[in-house]
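Listed next: structures, encoded as structure tokens.
In the two assemblies presented below, subunit A is common to both, partnered first by subunit B and then by subunit C.
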Partner chain A sequence: MISTRHRAVIEFVLDHLVWFILIAVVALFSFTVPSYFQIGIFANIVEQSTFVATLAIGLSLLIIAGYMDLSVESVMALAAMVIGILFAKSGVGLGLTLTPAWLIVPVSLAIALAVGAVVGASNAFFVVRLKMNAFIVTLAAYIWGRGLVVALSGGRSAQELPAELRFLAIERFLSVPLIAWVSIAATLAFAFILNKTPFGRHLLLVGGNATAAYRAGIRVDRLTATTFVLAGAIAGLAGWLLAIRTSGATANLGVGMLFQTFAAVVIGGVSLKGGVGSLTGVYAGVLLLASIQTAINLMGMPAHFTQLIQGGMVLVAVLLDTVKIAIRKKLA
Partner chain B sequence: MSDTTPLLRLDGIRKNFGAIEALKGISFDIGRGEVVALLGDNGAGKSTLVKIISGGQEPSAGRMIYEGREVSFSSPAEAKAAGIETVYQDLSLCTNVDVVANFFMGREIVKRYFGIPVLQEKEMEAATAKAISDAGTRIPSLRTNVEHLSGGQRQAIELNRFVHWGGKLVLLDEPFAALGVEQTRRGLEMIKKIAAQGIGVVIITHIMAQAFQVADRIVVIRQGIVAGDVRADDTTADKVVRMITGEALRPSPATPAEAR
Partner chain C sequence: MNKLIATLAGAAALAAATFLTPAFAQEKGTIYYLVPTLLDEFQTGSVSAIEKFMGDVGYKTVTLNADNKTDVQQGQMNDVIALKPSAIVLAAVDFNALKPQIEAARAAGIPVMEFDRQITSTPSDLTSVAGTVEIGHVAAGEIERLLKEKNGSVKGKVLQVLGDPGDPYTLDIQKGFEEKMKAFPDVTIISKPAMQWEASNAGSIVSDQLLANPDIDLVFVHAAHLAVAAVASMEAAGKKPGDVLLVSSNGAPVGLDLIRKGWEQVEVEQPLFAQAAALAMFADKVVNKQEIKPGKYEVLGLDGEVTIETWGPNIKLPGAAITKGNVDDPKFWGNMKTPESKVTPVP
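For the complex of A and B:
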């Protein structure tokens, strides 16, 4: 029998394993990769992580509830393109202006969130009301969402968002641009919701055993629908941030981010079976992927090494999960 | 303990699954503070009946009169709101969260800060600890995920959960299947205590001795109909077995009309 304190330490390490791995990996790179250990590099890792980290919030919530959302990447691109078309000054942009000019920040944010929420609501309708498989429904949305982006833009791009929006990508606080802080704040806010509110608790319960949750009087359908809408809106937020960062949108904006997001979510400790995961862990997973990518860039290795390593890491993450479960079983 | 209006009256409850008639018109009463043991062979329709009363399934026909009012529950949440608690045969626990989260499933204690409901973990843990120790169950850590607990501990959590929440009517579908001798004894005592508070109890069991130990009345279901409804004092295990197997399937004089 192990002491309570001993057990608490082990539990803590297991719960935050990905953070320990992140620290170890960053330390390793700092010693071995020349010019890796710099504030500028670390700030860049955080900045790079902005979009995947934001997408990962919504995806994690849905996976924790026992569902799947493949549409987040396309929803992000769609929201970015809508913002680009409405507010960018050149390309396909209409260059709308508002008075006073700063109004563009809340208005464009609201539009991006609404675009995401609408796609999320459509996913929710098919999954919850028509009882269709979430994997297929969101795969369809992934495809038609991207198609809609191309159709809306005619395959062209929108450039030059006004300075009132751009400052979010340019101004820095502690060397990190404001858009990255937005994604960190969103992560913390949803981590709080997941851990400390009944909504978050119910997500875990539904992901663990939907029948038991239903019998306990939890309105499973409403919860699921809300989560799909939320995941869509959060993808809309990612699109808003991405449009600001790139000062507009292109038809192929963010292609491939879905798989990075999935990798980060799994590495961050979210179980694809549902019912298990923490958002701070997922954020660490995103940082871990970005750290490795940065190291590979600095070493001058070809970019496809990143993919090889990231693929391997997903496998290791799943393996680690099995080990963690085995250790926990011994603790109980 | 004979109240004029029963707590729950089932009147001609039928349930079809496609062409299969699981229940072919079930009628009996459950009084306040009365323990009714529901017996029957496998597949007789006991679990289906429990699911109908608890709102998990809707009957194809028939009426439920609860506290003098006709009711129909379209979800467990509605039945629960009306004061009907259920312990299911296949346990209703979420093994991915800890004991406290399971104990308060769907009824978490929250405190609002700026309108945002925040879970009160300490309060919930204290209440869970009290309920578990009152029942004499030992669980090493309430913060352990339920997946690491034994079958007996899991069942104990479920039983303690319904005792804690009370209600007006309690449905127990084979509640002691995974319990040891001592825990079962405590469980049976618990049922008597609950009934003494005026709560109606329906318990499904396969074990005749348990039924006689705890029940005021025994209702036997056979092939979707009530094959017997007798006071536990007025019958014997042998007679009940014959009702279950159908050897003595006859219009019994001790039908509900007389029992009332």
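For the complex of A and C:
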């Protein structure tokens, strides 16, 4: 018989397992990888997590709601390219200026969010209204989204965003660039929404059992459509941040981030069956992947090992999830 | 599912390219250009250059994009063979995987020309390359000069940011660069690949390495779009133009902009225009299956050399070093001024 206190400890460890793994991995690298243990490197890890972490918010929300969104990477690239074309001064950038100059921050952010929201709304229309399969609809958006990036840019890049935007990537608070703080703030805000608001609770219910949620009076279609639009807008936010960091956009910007995002979401404990997951766990999953990537950047290890390790970690995460469920059943 | 969609998209593109072909196609026939991707500026530039120069010598060019997928390009080759064009220009996604399709095309009487990416495992009718290993050599020469100017002798620390480690293009540049730099034991080279040629990956590598090795003298990136992300990381690390030297390759417009702004010192150009023009100059000979004689040929003012290799006639064109002194020269493709003069066929 397990005491209540022991049960609480075990539950806490299970709920935050990915954070414990992250701490262990960072400690291991700090002892074994030269130059790893320093504030600058930890700040880099947080900075490099910015884009995947932001993408992972929207993807997690949709997976928790029981859907799939493969379009987020292309939506991010599309938003980045639109910002690049409108505001960058070199390449295909039009170099638009606003008066006063700081207006570029809210205006470009609004444009990026709108680009993402439009693609999200299109996905929602096909999935919710036309009852098409979300996997196929968002796969199509993944393909046409990247195609639109190439078509808009003609394969060229847009470079040199104005200093009024670039300061977000250059200026730091507690050694971490402001763009990373934007991502952290978004993660915390949506974690709060998911855990503490009716919208979040309904999302978990719908993902767990959509029929039961419908019978309980939840407007499932509206909730699903809203989540698709949110996921699109959040991907637009990721694109805005990525454009600021790279001072523009290239046609292949963000290629490969979809798979990193999926890996982080799974490692972070979001169940692909829906109804289960926490955004803080997902953020820990992103940090874990970035920590490994940074260690590889600093070691002499060939980059091919990154994908090998990431793939292995996803498998381990799924295995751990199975073990967690088994332990919880025993505790019950 | 990905394959099915890619095949359908390829078939649709092919059908559109075929059925929308204007009736007034150039008199000598149609040449298909199989471009590996349109996600980088060199490849995008190659499309307009090849279409322009082939038009000069009387051929219509239809371009098909493989989106960096070997299987898609293999399917495109199979489809194009069925259309019996005058010739195929191939810039292979994978240097070896296209061998069966090249052999099938040539067996069907369709000549195959290789653009930019040299395939040595099977013969083709003409190969036009800059010599990626040689680009590495040119970069090494420039880096030798820059380190000497900065440190008094050829010594220091160089961060080399490769492209995707699965791409032979970047591996060849690395090979050329490192074999020349072996002569300088006081130069430490740290090599890291930017997976999938993605800019933010390159930016992350530069950020990490500037912290782990604050004494880095020079960053050498294998493509100009990676240089942009490298500069963004340097700027975020508080560096000013010239604090860390920067050398890049391929000569894309963004690289030239960085030279003008002082962030980059040298861009090693791949002579895109000359590479494309060389194919057009010999197109008649290739299509009519006439002999291409070895020797020196002037291509858009550059000295090209044709040699007969085991894989067929091969024209190699020298890469040029672009610096602040010559950055505005219109002959560099990065200045986006396609030469107006017409290419004429080699008699």
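As a working rule, the second predicted complex is superposed on the first by the 332 of 332 C-alpha atoms of A that agree within 3 Å, B and C clash if a C-alpha of one lies under 4 Å from a C-alpha of the other, contacts with A are read in each partner's own complex, and residues count from 1 in each chain.
In this text, a residue touches a chain if its C-beta (ideal position, glycine included) is under 8 Å from a C-beta of that chain, and two chains touch if they have at least 3 such contacts.
Values in this document were obtained by computation on a predicted structure and should not be read as measured data.
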So, A:L298: does it touch subunit B (first), subunit C (second), both, or neither?
second
One more residue to check, A:F87. First (subunit B), second (subunit C), both or neither?
neither
First (subunit B), second (subunit C), both or neither touched by A:Q159:
second
Considering only the touch criterion stated at the top, classify A:I218 as touching first (subunit B), second (subunit C), both, or neither.
first
Which superposed partner A:F126 touches (first subunit B, second subunit C, both, neither):
neither
Between subunit B (first) and subunit C (second), which does A:Q48 come into contact with in this model arrangement: first, second, both, or neither?
second
For the three-chain arrangement built by superposition, which of subunit B and subunit C touches the greater number of subunit A residues?
C
Touch test for A:G208: subunit B only (first), subunit C only (second), both, or neither?
first
Provide the residue numbers of subunit A that touch subunit C in the complex, in ascending order.
34-36, 38, 40-41, 44, 47-48, 51, 90-91, 139, 143, 150, 154-157, 159-160, 166, 169-170, 177, 242, 245-248, 250-256, 293-294, 297-298, 302-304, 306-307
Can you check the complex and tell me which residues of subunit B touch subunit A?
54, 56, 75-77, 80-81, 86, 88, 91-97, 101, 105-108, 110, 116-119, 140-141, 144-145, 148-149
Seen from subunit A, its contact residues with subunit B in the complex are 196-198, 201-202, 204-205, 207-209, 211-219, 274-276, 328-329, 331-332
Hey, which residues of subunit C end up touching subunit A in the complex?
1, 5, 9, 37-41, 43-44, 165, 192-193, 195-200, 203-205, 207-209, 211-213, 225, 228-229, 231-232, 235-236, 252-254, 257
